[in-house]
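The following pair of complexes shares a single chain, chain A, combined with chain B in the former and chain C in the latter.
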Partner chain A sequence: MDILIYGIINSFSLALMAIGFTLVYGISRLPNFAHGALYVVTGFLVWSLINLLKLNYLVSILLALVIMGLVGAAIYRFVLIRVRGMATSEIIATYALGLAILEFLRWGGFKGMTYTLPVFIEGSVTIGGIPVDLQRIIVIGIGIIVISFMWLFTHFSKTGLAFRGMAQDEHAAMMLGIDSDRMAVIAMAMGSILAGLSAIALLPLGNIVVEAGYNVLILSIAVCIVGGLGSWVGAIIASFMIGFLQIITVAYIESHFQMVVALLAIIVTLILKPSGLFGRQKELEERV
Partner chain B sequence: MDIQERRKERLDRGIKVRTEGIYAVSSWQEVTYLVLPRLILIVGLLLLPLLIPSLYWKRVVSIAGIYGLLALGFDFLAHFVGLVSLGGAFFIGVGGYTAAILDKSLGLSPAFTIPMAAVGGAFVCTLLLFPALPLRGVYFAIVTLMYPLALMRIIEALNIFGGTDGILGVSSFPNRWIEQYCIIFTVIFALFGLRRLVNEDIGLVFRGVKDNDQAVRASGLSITFYKAIAVFIASGLGCLGGAYLSHIYMWSGISQFALDFSVIPIAATVIGGGGTLVGPVLGCFFLVPISEWLREFGTLRIVFYSVILMAFIMFRSEGIMVYAQRKYHQFERWVKV
Partner chain C sequence: MLEVKNLMVFYENAVAINNISIKCEGGKVTGIFGANSAGKSTLMYALSGILLDVKKKEEMKGGERITILGHIIFEGMEITHIKASERARKGIILCPERRRIFAESTTLENLKIGGYLATKSQAKKTLEYIFTIFPPLKNLKRREGGFLSGGEQQMLAIGRALMAQPKLLLLDEPLLGLSPMIEGMLARSVQDINLQTGITVLISEQYARPILPIIHHAYVLENGGAVLEGNSRELMENPDVKSAYFGL
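Now for the complex of A and B:
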C-alpha cells in the first residue's frame, strides 16, 4: 500500500520536474541542460524573497514565477538564439549556463546552512493506514492541474496550437505565419516557469541544495528519454514507470540505487529504442 | 549618394601554396614556414618542465597534459567522427581504476600499468559504449554524460573498489622528471599521431561517418565498426590520462568521475579551436593553470570557465587556433563589390 501511495507521489513529482524540459525540447528542439539550475534558482529566489524582503509567501511565489519566466525568455533571446540549430553548441551552451548558475550559487554563500521553504499547509492525513503529509497531496494536486492545463493549452489556445505546429514541422509552421523565434521564447519562458513551479511544489519537502539541480536534470532527462523526447503522453507514462520503479527499488533493495535506476533507464532506453516509448517522429533521423 | 559595398577577400599566401607540394624543400624560407610552428610547439612543451621552478606548478603542467589528452580525444571524436562525448570523466575514471587495481593486485610498476590500463580501459569503454554507437547528436551526448554519473553511483551503492574512499596507496613514479616528460612525450606523440591518422584513408572514412554516413554505408563499410575504432582511440587517450592521474596522486576514487574532467576538455576545445587537434591541447595548457590559479575561489572557477565557454561558443565559435591558422596562411583585403 505504501508503495502505491508513495509511487504515485513520486511519479507526479517526476512528471512536474520533466514537463518543462519536454515542453522546450518538444517545441524548439532545444535540449535545455540548464533546467536543473532553473529549478534550484527558483528555490533560492523564493527563499530570498520571503526571508530577505519579508514578503508574503504567496506573493513571493508569484513574483518568483514571473522572474523565472523573464529569465527563461532572456536565456533564449540572448544566448540560445545565437547557437540555434547547431546541436553541439546548443548542448554545450545550455550545459555551461546551468553549470555556471549552480556553481555560482554554491559559491555565493548558499551552503553550510540549511535553507528550507515552508510547507503550504501543515499536517498530514491517513490514507489506508499510512500517514501522508498534506504537502505531498498538494504535489499530486498541482501535478494534475499542470498536466490538464498543459493539455487544454496545447489543444485549445492559439499559442498552444502554434506550439504543436512548430513541434510537428517548423518550416511549414513558419510558412503559415508562426514566428519560430517568438514561439521559442514563449516556450522557454513557460519551460522555466514550469521548472520553477515544480521547485515550489517539491522543495518544501526537503532542503534547498545545489546538488538537487543535477539530480533534477538527470531525472527530467530520464523521464523525457524513456517517454520519447518531445512527447507529452510518453513523458507522463514514463514518469509513472520510473517513479514506481524507484520506490520499489528503495523498498526492496536499497535507497542508494534510486538514482542508478534513473540512469540505467536512460541508457537502456537509448540503446534499445532511442526514440523512446512514444517518440515516433524522429525515429528515422536519430539512428544510423 | 554613393554607397560603396565592400567585402573582405581572403587569399592564401603564396608561400602556403608553395609549401604544399614537393617544392617545400626548395628554400630555407619555405622549410622554416612549414617547420617553425611545429617546432615552437614541441620545444615549448619540452621546455615547460625546465622553465617552471616550483614543484606545485610542475604538477599543474602534468595535470594540464592529462587534460590535453582528454581534449584531443574529444576533438577527434566530435570534429572528425561526429560523436559528441560529454563523458571525459568516464574515460578518466575507467583508466584510473584499472591502473589502480592492476597496481594493487598484481604489484606492477607504472611502466606496465599505464599502457595496460590505456589498452584495457579503452576495451572496457568501447565495450560499454558499443550499444550506444548507432546513436548520434544529442542522444549520444546524453548517454555519455550519464555513464560517469551511473558508474559513480554504482560504485557508491555497491561499495566496490574501496567505495567512497577509493583505492589508496597506488605506487608513484620513480622521480618527477620521468613523471613530467612521460606525459609531455605522450601528448606530443598523440597529437602528431592523430593528425597523421585523420589524413590517412581511415581518417577519410571517419569524416565520411561524420558528414554523410549513408555514403559510407553505401561503400560497403560498417559505420559502427569505424565508430568503435574511433571511440577506442579516444577512450584509450582518456584512460591513459586517467592511469597517469592515479599514479600521480597515488590514489584512485570516485572523484575521478567528477564533472571537471568532462567540462574542461570541452571548454579547451571550444577556446582552442575545434577540428585543429592542436587547439584543444593549447587550450588545456592555458585553461588548467588559470583554473589552478583560481582554486582559492572554490567553485567560482567552474563559473568562470563556464562563462568563458559560453562567451566563446556565442561570439567566437571558431576558436583561437582556427583564427591563428587563418592569419598565418592567408591574407585579407577589402575589395569593392
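Now for the complex of A and C:
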C-alpha cells in the first residue's frame, strides 16, 4: 500500500520535473540542459523573496514564476538563437549555462542545509493506514493540474496548436505563418516556468541544495529518454514507470540505489528501443 | 501581384534555378510546368521563403552552401530577404509538395493550425468554405491526418493553406500521385477557389493536362530556366510542348 501511494507521489514529482524539459525539446528540438539549474534557481529565488524582501509566500511564488519565464525567454533570445541548429553547441551552451548558474549560487553562499521553503499547508492525512503529509497530496494535485492544462493548451489554444504543428513539421508550420523563433521563445519561457513550478511544489519537502539541480536534470533526461524525446504522453508514462521502480527499489533494496534506477532506465532504453516508448525518430526512418 | 526578376539559386556550385523571371497577375491562375529536377520545387521554396530557412540551417550545420540571387517582388515590395513566416503574414502561402500534413493531428486540428494567422471570424468562415468545396473532409474531422488517403490529404493540405488567408496561393505539385478522377476534381476545386475567392494561384505540375484548362498563363521550366511561356492555347499548340508535357 505504501508502495502504491508513494509510487504515485514520486511519479507525479518526476512528471512535474520532466514536463518542462520535454516541452522545450518537443517544440524546438532544443535539449535544455540548464533545466535543473532553473529548478534550483526558482527555489532560491522564492526563498530570497520571502526572507530578504519579506514578501508574502504566494506573492513570492507568483513573482518567481514570472521571473523564471523572463529568464527562459532571455536564454533563448540572447544565447540559444545563435547556436540553433547545431546540436552539439546547443547541448554545450545550455549545459554551460546550467553549470554556471549552479556553481555561481554555490559561490554566492547558497549551500548547506539551512535553506528551506515552508510547506503550503501543515499536517498530514492517513490513507489506507499510511500517513501522508498534505504537501505530497498537493504535489499530486499540481501534477494533475499541469498535465490537464498542457492538454487543454495544446488542443484548444492557437499557440498550443501552433506548438504541435511546429513539433511535427517545422517548415510546414512556417509556411502557415508560424514563426519558429517566436514559438521557441514561448516554449523556453513555458519550460522554465514549469521547471520553477515543479521546484515550488517539491522543494518544501526537503532542503534547497545546489546538488538538486544535477539530480533533477538527470531525472528529467531519464524520463524523456525512456518516454521518447519530445513525446508528452511518453514522458508521463515513463515518469510512472521510473517513479514506481524507484519506490520499489527503496522498499526492497536500499534507498541510495534510487538514482541508479533512473540511469539504468536510460541505458536499458537506449539498448532495447533507442527512440523510447513513444519516440519519433523520423529522420532515422527516412534515412533507412 | 508577384514578380520574380532574374532569380538564381545555387546549391554549392550546381545551379538549381537559372535566371528565371516570371510574373503572377492578381486574381489569375499561373502555371509552372517542368519535369523532375527542372527547379519547380526550389522555385516554390524560394518564393515562400522556406529556402532562406534551409539556407540558414545548412550554414549552421556547415552543410551545403545555398546562394540566392535576384529579386522577388510582392505587391510592389521587395521580399527576397524576408523570412517565411513574415511572407505568410503578407499573404504568400505555400501548399508544399507531398502535402506535409501534420500526420499526428486530426483533420480539424490541421485546419486549426492552418488558421494561425486568421481571426476567429475569418477562421470560421474559411472552415465552412473548405467543407463546401471539399465535402469528403466533413466526415473525416476526427481522423488523424496520417490515416487519410492521398486525395483526402491533398484536399486537407489545400484547405489548411486556405485557412491561412492567402492572397497568393502557391500549389506545388498538388496532383502528385493521385488518380485521374481525383486529379480532375482537384483541378476544378482550384479553379472554383480562384473564381469564388479571387485568390491568385501559382500552380506547379509535371503533367500539365489536367490543369491546363484552368490556367490563364504558364511557364515551362527546363534545367532550372524558363524556356517557354504563353497562355494555355499557345502552349497547347506548340509541338514540342505537346509531345513533352501534355502526352499528346
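Note that the second predicted complex is superposed on the first by the 280 of 288 C-alpha atoms of A that agree within 3 Å, B and C clash if a C-alpha of one lies under 4 Å from a C-alpha of the other, contacts with A are read in each partner's own complex, and residues count from 1 in each chain.
The criterion applied here is as follows: contacts are C-beta pairs under 8 Å (C-beta built on N, C-alpha and C of every residue); 3 or more make two chains touch, one makes a residue touch a chain.
Values in this document were obtained by computation on a predicted structure and should not be read as measured data.
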| item | value |
| --- | --- |
| Superposition on chain A - do chain B and chain C clash or fit | fit |
| Partner with the higher number of touched chain A residues, chain C or chain B | B |
| First, second, both or neither for A:P274, with chain B first and chain C second | first |
| First (chain B), second (chain C), both or neither touched by A:Q168 | second |
| Touched partner set for A:F244, first chain B, second chain C, both or neither | neither |
| First (chain B), second (chain C), both or neither touched by A:W151 | neither |
| First (chain B), second (chain C), both or neither touched by A:E254 | first |
| Partner chain in contact with A:Y57 - chain B first, chain C second, else both or neither | neither |
| Which superposed partner A:S180 touches (first chain B, second chain C, both, neither) | second |
| Partner chain in contact with A:I91 - chain B first, chain C second, else both or neither | first |
| CA minimum distance (chain B, chain C), superposed complexes, angstrom | 9 |
| Contacts on chain A seen with chain B and repeated with chain C across the two complexes | 83 |
| Chain B-facing residues of chain A, complex | 31, 79, 82-83, 87-89, 91-93, 95-97, 99-100, 103-104, 106-107, 218, 221, 225, 229, 254, 256-257, 259-260, 263-264, 266-267, 270-271, 274, 286-288 |
| Contact footprint of chain A on chain C as seen in their complex | 48-50, 53-54, 56-57, 60-61, 83-86, 88-89, 93-96, 100-105, 109, 112-117, 160-161, 163-164 |
| Residues of chain A touching chain C in the complex | 83-86, 155, 158, 161-162, 164-165, 168-169, 171-180, 182 |
| Complex contact set, residues of chain B against chain A | 78, 84, 86, 131-132, 134-139, 141-143, 146-147, 149-150, 153-154, 156-157, 213, 217, 223-224, 259, 263, 266-267, 270, 297-300, 302-303, 306-307, 309-310, 313-315, 317 |
